[in-house]
Each structure stands twice: as C-alpha cells, then as structure tokens.
Amino acid sequence: MGKPETGWRQRWYTIIFEADTREGRQFDVALLLAIVASVMVVMLDSVPAIHARFGIAFTVLEWMFTLLFTAEYVMRILVVRRRLRYVFSFFGIIDFVSIMPTWLAFFMPELAFLIDVRLLRLLRVFRILKLTVYFEEAQILYRALANSRRKIAVFLGTVFIITVILGTVMYVVEGPENGFVSIPRSMYWAVVTLTTTGYGDMVPKTAVGQFITSLTILLGYGIIAFPTGIVGAELAASIIRRPLTTRTCVHCLTEGHDPDASYCKHCGKKLPPYQVEVGDQT
Amino acid sequence: MGKPETGWRQRWYTIIFEADTREGRQFDVALLLAIVASVMVVMLDSVPAIHARFGIAFTVLEWMFTLLFTAEYVMRILVVRRRLRYVFSFFGIIDFVSIMPTWLAFFMPELAFLIDVRLLRLLRVFRILKLTVYFEEAQILYRALANSRRKIAVFLGTVFIITVILGTVMYVVEGPENGFVSIPRSMYWAVVTLTTTGYGDMVPKTAVGQFITSLTILLGYGIIAFPTGIVGAELAASIIRRPLTTRTCVHCLTEGHDPDASYCKHCGKKLPPYQVEVGDQT
Amino acid sequence: MGKPETGWRQRWYTIIFEADTREGRQFDVALLLAIVASVMVVMLDSVPAIHARFGIAFTVLEWMFTLLFTAEYVMRILVVRRRLRYVFSFFGIIDFVSIMPTWLAFFMPELAFLIDVRLLRLLRVFRILKLTVYFEEAQILYRALANSRRKIAVFLGTVFIITVILGTVMYVVEGPENGFVSIPRSMYWAVVTLTTTGYGDMVPKTAVGQFITSLTILLGYGIIAFPTGIVGAELAASIIRRPLTTRTCVHCLTEGHDPDASYCKHCGKKLPPYQVEVGDQT
Amino acid sequence: MGKPETGWRQRWYTIIFEADTREGRQFDVALLLAIVASVMVVMLDSVPAIHARFGIAFTVLEWMFTLLFTAEYVMRILVVRRRLRYVFSFFGIIDFVSIMPTWLAFFMPELAFLIDVRLLRLLRVFRILKLTVYFEEAQILYRALANSRRKIAVFLGTVFIITVILGTVMYVVEGPENGFVSIPRSMYWAVVTLTTTGYGDMVPKTAVGQFITSLTILLGYGIIAFPTGIVGAELAASIIRRPLTTRTCVHCLTEGHDPDASYCKHCGKKLPPYQVEVGDQT
C-alpha cells in the first residue's frame, strides 16, 4: 500500500480524487449535480402535494442516488492508497454519513431526513472551482471569530444568566394563565424577546409584565451591540492592518514594508524610496 | 447619423437629453413630476375604496401618462444621434420597460402592476440635481459591498446550509401537526427566525422544538454580526484611511500634516498655508 | 430694553433664567418636578381604570399645571431683556407650545394629548446639572450622523425603491385574499419585513410569496448592515483619530501632537522627546 | 479574630474559601454541582407535568439543598477571620440571599422562585477554573461600555422621549378600539416596535397608523445603529490601537516593529530576536 499505484487504480484515483484532468473535473461536476439533485428530491418529497403525485418516483430516485453514492464510496476505498486515512478524514466521514440514512431507513424510517447531510458534500465545490481565495475569506471570518472566542463566551454566559433570571421573574409576574406555563418556557420567551425576534406566541398581558418587557428589550438592544461590535471590530482591525503598500525589497524580495520604512525589515538592506501608487486603496 | 445634428433635432436633443439649459431643466422637472404622479396613480388605484370612487379617472390618467411617455420615447429615438446605443443603454431600457406594461395589459391585465417599474426612471433625478456627490457616496457603499463580496458569498453559503439543516431538523421534530408541513416551509421558518424577523405564523410548539429554536436564535444573533461587521469594517477602513490632508512639507516632503498645522512636525520648517479643497469632507 | 435691568426684574431674571444661585437652582428643580408630574398626569389619565377613579382630580391638576406654566411664561417675558429673542428662541417656543394644548382643548378636546410636548422642557435638565459634557457626547453622535447624511440619503432612497417594488410584487403574488389588500398596505408589510420587525399581522401564505419573502429578509439583513456600518464607522473614525497623546509644546502650549512629531506644528519649535504615559489608553 | 487561625478552623478555611489544595478544589466542584442541581430542581418543578410526578421528591431535594447551603453558610462564618467583612462582601450577600427564599417560602410561598438567585453563586466558577483571562475579556467589554456611558445615556434619553411622543401619537391615532387602550400601553408598543421586536399583539389597523409605523420602524433602524456603532467603535479602537508588538530597536529606539522583522526599518540595524509574550493575543 505504501508504494505508488499503477494501472487502473492509478487511473481511477486521478479521476475520482483529483480535479486537474478533464475527466477528473467532469466526474466532480457530475457528482455535485447528483448531490444537489438528491437533496432536492428529499426536500420536494416532504411537500404533501408533490409526494402524493411523485412519491414512488422519488423513492426510486432516492435508491438510485444511494446506490450511486455507495458505489462511489466503495470505489474511493478501493483506489485510494491509505484507506484508513481516507475513511477517517473529514470528507471520508461525510461520504459515509451521506449514504447511511437510506440504508438505515429500512429499519428506522424517521432517519430518512438525515439524507440532507449530503449537503455537506457540496463543500467539494471549493476543490473543483479551485476557489482557494474563498477559503482565505472564510479563514478571515473564522479568525475574527476565534480571536473573539473569549469575549463571546463572556457574552453568552451573561445572556444565559439574564435568560434564567428574566424567565423566572416573568413566570412569577405573568403566570401560567398568560401562557408562561413554566420557567423553561419563560426562558424560551426570554430568548425570543432579548434577540428582538418577537414571535408573539407568548406576550406579556399584565401592566407589570409589559413594563419589565419594555426594559428587557431595551437591554437586549444594548446586548445585540456586543457580538456585532466584537466581530466587526476584529474584522475592521484585520482590514485596516492589512499591509497598505506593496513595497518590495530589491535584495530579498520581501513584500509589504511599512510606508515609513527606510530599510528592509528582513535583510536590513536599504529600501528604494516609497512612491504612492494611484488607486492603491482597497 | 455620425455627424452633429442641426435644426430641430439638435434643439430637441438639448431639451430632452441635457439639463444645462433652462428649457432642458424644465423638461426634466416636468418629466419627474409625471413619473411620480404616474406611480402614485398605480398605488392609489390598488386601494379598493379609492378604486371604487376614482377607478375610471385613474384609468384615463394612466393612459394619458402612457401616451405621454410613449411620445417621449419616440421623440428620444428620433433626436438622438446613435439610436441603438440609446435603446440598449441603461436608461433606454428602463424607458422602454416603463411604457410596455400598459400596452401589454390589453392582453394580460395582471401585468398592469409592472407600471411601477417607472419608479426606476426617478434615477434621472440625480442628473437634474447634478448631485454627482451622491453618486460618489453610492460608490463608497458599492465599493464596500464589492470588497466584501467573497466574505458575503461565504456568509450566504453558510446561512443557506444552516437553513436547510435547521429546516429539516424542525420538520422532523415539530412535524406537520404543528405547522411545519414540509421542508421548504420549514426553511422559510428558519430564515424568518435566523434573521430575528419572527412573524409568529409558524412557531415551535414542542419543548424540544422550543429548545432548538432558542439555540438557533442565539446562533442567528451571532450570524447577524457578520454582514454588519463586514460592511462596517470596510466602511470604517475607508474612512480611517482617508488621509486627513495631503499637505506636504516642501522641505522634507513629509506628508499628512494636520489641517491646523503651521510647521512641519518632522523638520520644523514653515508649511505652506492650508487650502481646504471643496468636497473634501464625506 | 437695551440696558441692564435692576430691581425686581433683575432679581427674578436671576432666579428664573439662571441656575447659579441657590434660589435659581431651587426654582429650576421645582420646575422640572412640575413638568414630570404634569406629563405623568396626562399618561395616567389615559389609562381607563385610573381615569375612572381619579379623572376629576387629574383634570384639576392639569389646570393647575397649566396655570402655573402660563404664569411662568408670562413672568419670563416680563423679566427678560430681549423679549422677542426669548419668544422665538428654542426654549421660548417649547415653553409656549407646552401651555397651549390645555387652552386649545377647550375647543378641540382631541388636542389634549399634545400636552406631552412638555416633555421637551425636560431638556432644561442639562442646564441645571451643568452637564455640558453630555452636550459634547450628543454632538459627537450628531456629527457622526451629519457626516453620514449623504450615505444615509442614498440608503433611504434605496430602501424606498425596494419597498415600492417589493410591495407591488407581493400585492400581485399574494393578493387581497391573503391580506395584501392594496399596494400601500403591501409597502407597509415590506417595511415591517425588511427591518426584521415582523409583526405577523400580514404574512405570505402562498409558496411563491414565502420564497420571495425569504429572499427579501436576507436582503434586509444585508441592508440593515448599512446604517449600522455607516454610523459605527464614523464613530470609530472619530474615536481612533482622537489624539493619542497629551504632548504639549513648551513654547506655545499647543496640545495633542502626534507621537512621531519632532517639532511643534503650531510654532515650529523643537518638542521635548515623547515618553509614553502608562494608562494613556481610552 | 485578628491573628492567623490554627487547628480545625484554619484547615476548614483552606477547604471552603480556597481552591489551591486538592480538597479545596473538590469542595468547590461539589458546591458548583449542588448549585446547578438546585437551580435545575426549581426550573423543572415549574413544569406542571414534571411537578405532578416528581413534586414531592423536588420539595425534599429543595430542602436538602437549603439545609446544605445553610450549613455551608454557617460554616463559612465560623471559620472566616473577619466575619463582618465576609457577610457584607459580594459573595457573602449572594450566599445569604441564596438560602433565604426557601425559609421565607414558609410564610410567603410566592417567593419560592427567588431560589434562582442561587445562579449568581455560579460566578464562583471563575475562581475555581482560575480563568482570570476571562475576567480580562469581561473587563474589555465593561470598559467599552464604561467609555460609552455618556453616549449611551444620551441615546437612552432620546429613545425615552421618542417613546413617549410616539406612544401619545399612536394612542390618539389608533385609539382604544384598535388595542392602544392607554398611553403607557402605547409606549410599550413603541418600544416593541422601535427595537424591531414586533410581537404583533398590538398592530396599527388604520392607514394613518400604518404610515406612522412605517416611518417609525425606519427611524428605529437608524437608532439601532447607535448602540452597535458606539460599542463596536470602542472595541475596534481598543483592538486597533493595541500595538502589534513593543519591539524596540536598541540602536535608534524606534518602536512597534513587526513580529517578523529582523532589521530595524528606520536605521537598518539588526533587531534583537522577538520573544512572544504569553497572553499577548486577545
């Protein structure tokens, strides 16, 4: 298993796992279309009117997709060099989880909807389109989130404590006769209210309850500012810090020197004088 | 057609297409008023009580406006030098689309409401008022959006996948008996909830559903932070990077001196007096 | 009228218009309490249960407050030196408008609620507490708003056009049978939806309508980012640009020189070397 | 009382008040679990279905927790050196308030739900986990809030005045027949609307009311931008101002070199190697 594959396995490996040849790209595009079609079938099948008319056709289609994806999964295991590594890789697990539900639905029909997990296979689209630049953007967003993780933990902890206290207070003030039948349900109301969602399925009826609600929503107003502010601030910082210049050291070719730099920060050689380029703005 | 027009066509071209002469401006203002009046008629005509009383008058007015705009459109084609270029220009298409609905409504009355497309003709107002500065502002907003397009694509993709998964989960958990009659309808609920709109036409009834909903809304809270943060960060970056001035010391060529500075902060020599440039402020 | 007043008018002017003496402050505090009490009376009188029990007492109180404020207004005119200037000043107009409704309510009782205009008199509180610093903060907010006025105009224009188009589309798609009885009412729904308020009094019932609504709300999500981003960016810019240092020129005592400055930007003299102060952060 | 304790009091003091020994940590973890369990009991007991089945068991559990916490409270007073200082400290008051409700519920059963105050005892978790870094994050958020306190006061004042005026206007326009039964209740509606919560329990029915509501929500849209913008701007400022490093060139004393710099960008001399400080990242 440790040496390079030859013959049909090498050939199919290139088609199935890579997207650089014409056949490889065609395979990936066909796969994506099948995934989308498969998810669409599950969605449409849940609409009663459509199910009544096309139910049997959908079941047949669903089994065809499952057989197709199962064959693909077996093929992947056959042609790959390091089998266990693929099976327990991110895409390997998704591929497996995507074909399980239909088989399991034999025994437990309510699992049928797990088929939508297949949607995660769409992440392959990034590999096909070679849109690595999108990965970079996603990473900027992810890093902004990661940098803020402790602030967000403090924020969520605060929200949780407020939710419990508010839920308890409103349960006492409004009581079951106004729909606040228990503390957990009042906490549900508190979340719906603090986030300014406001379904309206539970609303305060008493004057005291409405007064507390008014104060609470204004509080929620202040609270909503925090995640926005935190994430926005991290993003702004990363954008503003993004190197302004494309100054390049003529000796070691390092890029992105500060506008006020006189010497290369990498090799210490003198930099050419800085000339502002027109349209350098982001 | 390639040579400069003379006579009545030149004269009417100046009136219809330009806004620099007194007659040209008067024509444009009259046109704008007609457009607004025409849209108002369509709006008011849709109110049953008003339609009952003024329905016939409105139909007459509507035809008058359509004849007027058709005459204007024909006139524009007659006097313009490069006819095809106008017909397929942004405003040329809007002008055409604005007069079609009434004519088409002969055959398909339900198209009558396309008349509101005329509203887009109001964009001409920018040309009349010469508010090019507004175009600049719009361009700043547009550029902030353009700079963030990949981040927004990643964001929308994430929202879409969350919507599908959440819609499927709630369809399984709540089921048709609580209003979640199909996955597409559950996805509609997911969008209404994640964005904290919360109509309340579909609400979770089961304890599990309410728990999932609470978590979901808090998730939506975190998600709402992203577009705000992205756009805000881009705007902030463009505002903060905007140099306060481009004042340059004539002795040591240091840039970016404060508007109130009299001497170079770098070499201490006298700065030339600062002259505010018009439109320098946002 | 142009010369300094003496005698009782000078004495009362100090009491009524100024807040530096003990009596002046006492007068202003008493006035504020009367204003708050007067607004509370109007509010409570609107609650049917309270009106039934205390209605007559409230009417008497209301007249007492009106007589009191009328006497105060007459007194202000008597003791002030430049009468017209006071009458047409900001506070002069508010003072007048605050006493009018009760008198006018003789003839038009529905005007009684204009009495709440008195609330604006509470702005006097700033003068008493000498909280000029709050004025500064208000001015920062106001300037952020003013700097963004053109961006906000472009934003509101965009929102208006979207509202009209969306209202028209939903009127055609959903129709009067689903509550979208006219285009203006559909526009009301569009505003309620785009801003993620979502009352739920009007909701899409058809599948097409719900699909359009889902797209619309996600659009509204992106749109809500703009005012937040605009105002936030202006505020961030003003905070970040706020001078970091308290470096003071020893020659001309100008403050707030940049950290990298070597010479005073005001007088051109050499600045003392910059030493970072601990806890300089905002 | 002023001298160090010895014997059993010293031993128990270490266990109860400190978390550095193994026994001390075990005590704290057990305490936290008891607090969480106690709050869970109160929550679950409020659900009718669960109360019907486990009501008596919950009452017994509740009394056990109360006796346990009372014993712990007495013990804390016994072993602590400065009794009054503990009793009136932040945690001392919370500890006391946490055991009172069950005792008071003998006489006033409706106080039973105050037991949830015990949740505040969970703040002890920070001491156990030594998550001082979270305190720092909380402090950054707190400082952002503190820096903005005057802006927020101006903002809340503005919101309050708008609420009163809007509530009065809608009370006059819509009137009791459409649910706006009093000015305070209309103010409740105004808060629910301005914050884009939109329960839908009170909605405008008249055309004028819907028009005013549309304008109001757009206003609320602009207003929501302020707290977000204020807090976000303060956070962004604190993040952006944070120097990337405090690396200083030992030759020319220029500060703030990039983490990857090897040579001073100002004088070109070699920089000392960069050592990352622990906890330097947010």
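Order of writing sets the labels: A, B, C and D. Residues in every chain begin at 1.
In this text, contacts are C-beta pairs under 8 Å (C-beta built on N, C-alpha and C of every residue); 3 or more make two chains touch, one makes a residue touch a chain.
Molecules present, by chain and UniProt name: A, B, C, D = Ion transporter.
Just so we're clear, the structure is a prediction, and the values are computed from it rather than from any experiment.
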item: Pair of chains joined by more contacts [C-beta pairs], A-D or C-D; value: A-D
item: Centroid comparison with subunit C (C-alpha atoms), farthest chain; value: A
item: Mean-CA-position distance for subunit D and subunit A (Å); value: 28
item: Inter-centroid spacing, subunit C versus subunit A (mean Cα positions, whole Å); value: 41
item: Multi-chain contact residues (two or more partners), subunit C; value: 184-185, 187, 196-200, 224, 228-230, 232-234, 236, 240
item: For the subunit B and subunit C complex, residues of the former touching the latter; value: 39, 42-44, 46-48, 110, 113, 116, 119-120, 122, 133-134, 137-138, 140-141, 144, 152, 156, 159, 184-185, 187-188, 191-192, 195-201, 224, 227-228, 230-236, 238-240, 244, 257-258, 260-270, 281-282
item: Of subunit D, residues touching subunit B in the complex; value: 196-200, 228-229, 232, 236
item: Subunit B residues within the subunit A interface of the complex; value: 147, 150-151, 153-155, 161, 164-165, 168, 171-172, 176, 181-185, 193, 196-200, 203, 207, 210-211, 213-214, 217-218, 220-222, 224-226, 228-230, 232-234, 236-238, 240-241
